[in-house]
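In what comes next, chain A is part of two complexes: it sits with chain B in the first one and with chain C in the second one.
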Partner chain A sequence: MNPDEVEFLGEKQFITIIPTFNSNTIHLITGDVGPFRASLPIRVPLWMAINLKQQQKCKIQQPDWMEIEALETIKENEKLSRTFTKMPSEHYMIEAKLLLGFASDDIPRADEIRTIIKDIWDIRMSKIRSSVDVLVKNAGSYAALDHLTIMEINTIRPILPHALDQIYRIKASPR
Partner chain B sequence: MPLPTAYSPNYYSLDDILATQERTPCKFLINVPKMGNLNPSTIEKDLPAGTALELPMWLVLEMSTGRQPIVLPELPKIYKEAYREILEADACAVDLHKFNLYFYELGSYAKRFDRKGDVHQTLLHTFRTRFRQLMDLADNSISDPSVQQRLDTLERRLFKDGYNARTKLNAWLVESGATIEAANMVINHKKRKRLNMEDLMK
Partner chain C sequence: MDLDDIELNLSETEHSDEDVQLTPAEVIELMEEAWMNEKFAPEILPHKSELVDCLLGLEQHFEKVTDFYPGLPKEDWNNQLVVPNVHSFVFLKSKEEVEGIIIDDGNDEDGDLVDLNRGSQMIISYDSVSNLVKKGDVHLI
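Let's look at the complex of A and B:
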């Protein structure tokens, strides 16, 4: 899958914004959003939040997990754990990238958050890589991928599934 | 993402055709009349039993099976004991491209001639050992482009797919100016410690 497609999936995540305008309920295929009342917080899909933000019609509220302290804890847990820990959001990387990219003025200490998230990502990446290596070397035929987000799973595609298929081919060809 | 074309070879698979071109030594078990011109070292009309020749894999495969085999096949030299030992010792250091362009494809056929199943084990072992290298290569191919030259066709295809996916991901990570990146200090000092997962997973 293309990273952009994964991003598209992640944009369905809900997020709290504070609108600066009034509007009736908006009817969308996936559900209704609104009504919007200026300065009353409301949950909207991420893509809509970004869109409104670009038109400067809202302030985005930082998700709870996107605080320095919370992220530090996650990072420490991730470092200590030998398996993957549960991430606060199914699409943490996408949310972080979009929010920090388009709404960095709404998020205090955005630069530090950026660095910590990158650290978490790197730790998890190196875990993925070493566990994939262990899986292939020890001739494992299955693996549990608890708490991996789609974007992370996507980083070992297509190389891992294709490699496993090729191993299967070698195994299955007649002797 | 499209699957590799030689995924499961069919009659029209170019890779399969090219792979089965490889010369395979074999010995004739019976007299074959009128086929003397297969053997360039003689002018006789018939091929006597006991003649040793090198024929393409696709031909040997057909002639060595069936109720009455015409030839007794031998392993191509890259799958013989001496070469297998090299691969067992350190598969990563080997230039597979020089061994054979289609090392795994051809090996899947050649292993039929090996009753003990050693070739089968070698193929699996080689692929598994070299996979880590392949994965690292796909992630940072800039570091050493010459390593790329040492992959066989199947590995090269995996590398290409992996490399393309990685390039897209990197592009996604830096686009829109919202770069999520490690602190400059970490990059400058190369201070990031590598997690030693091999120890943890044991």
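Let's look at the complex of A and C:
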């Protein structure tokens, strides 16, 4: 899957914005959004939030999990756990990338947040690498991937399925 | 037009003959699953014409979709057949609890049995789960 497609999937997440305009309800095929009242918080899909932010028509409210304290806890749990912990959002990396990219003025301590999220990503990536190593060395035929996000799965997509396929061919060929 | 007022009927022949009612949002979600399943499955999956019909019924202003046949003489098609590797490995997410998926381990011994919980994810060979993909119990990611 290319990164744009992963982003497309992640942009459906709802986040809270504070609009600076008034507008009637918008009818989308996936459901209604609005009505918008200036300075009243409202939940909208991430893609719409980014679009409105780019037009300077809203402020974005930082998701609860994107606060320093919450992220520190997530990072500690991820470090302590042997398996992958459940992330606060199924598309945490996409949300972080878009919000920190387009709305860093709405997010206090954005640079520190960026660093912690990168740390969490790195811890998980190193777990993925060691799990793949174990799986291939044991010539495994399947593996659970619970709590991995699509973007993380995408990093092993170019190699792991093919590696397992080759291992299977070797095992299945007559000796 | 208020989309919430529309009920879409989708008859799922594999499960029952009764019509299942879906909201537009649910239809979009199923379309997205169908897109990802088709993208990642090594074989061509059954066409989701009912889903497409649902959406086309919803959006009257869609341009008329005409059937498209590539202009290859019929006899040439036999030379174009490619047999997919249905044992290739895929990533899946389970939508239901599934018990007793048999793993083909490449030898003649009985393979492991695997159970899936709702929401669990796995890398596994496609032929172990192709029937589940078609039934909609799991979807490819």
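Following the convention adopted for this analysis, the second predicted complex is superposed on the first by the 172 of 175 C-alpha atoms of A that agree within 3 Å, B and C clash if a C-alpha of one lies under 4 Å from a C-alpha of the other, contacts with A are read in each partner's own complex, and residues count from 1 in each chain.
Keep in mind that, in the parts below, contacts are C-beta pairs under 8 Å (C-beta built on N, C-alpha and C of every residue); 3 or more make two chains touch, one makes a residue touch a chain.
None of the values given here were measured: they were computed from a predicted structure.
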{"item": "First (chain B), second (chain C), both or neither touched by A:L100", "value": "first"}
{"item": "Touched partner set for A:K171, first chain B, second chain C, both or neither", "value": "both"}
{"item": "Touching partner for A:V33 - first (chain B), second (chain C), both, neither", "value": "neither"}
{"item": "First, second, both or neither for A:L148, with chain B first and chain C second", "value": "second"}
{"item": "Partner chain in contact with A:T115 - chain B first, chain C second, else both or neither", "value": "first"}
{"item": "First, second, both or neither for A:V134, with chain B first and chain C second", "value": "first"}
{"item": "Chain A residues touched - chain C or chain B, whichever exceeds", "value": "B"}
{"item": "Chain B versus chain C as contact partner of A:R157, first or second or both or neither", "value": "both"}
{"item": "Chain B and chain C contact sites that coincide on chain A, given as residue numbers", "value": "157, 160, 162, 165, 169-171"}
{"item": "Complex contact set, residues of chain B against chain A", "value": "1, 3-4, 7-8, 104, 107-109, 111-112, 114, 117, 120, 123-124, 127-129, 131-132, 134-135, 138-139, 154, 158, 161-162, 165-166, 168-169, 171-173, 176-183, 192, 194-195, 197-198, 200-201"}
{"item": "Residue ranges of chain A in contact with chain B within the complex", "value": "2-4, 7, 79, 82, 93, 96-98, 100-102, 104, 114-115, 117-119, 121-123, 126-127, 129-134, 136-137, 139, 154-155, 157-160, 162-163, 165-167, 169-171, 173-175"}
{"item": "Chain C residues within the chain A interface of the complex", "value": "1-4, 23-25, 28, 32, 39, 58-59, 85, 87-91, 103-107, 111-112, 114, 119-125, 128, 141"}
{"item": "Partner chain C, residues of chain A touching it in the complex", "value": "1, 9, 27-32, 141-148, 150, 153, 157, 160-162, 164-165, 168-172"}
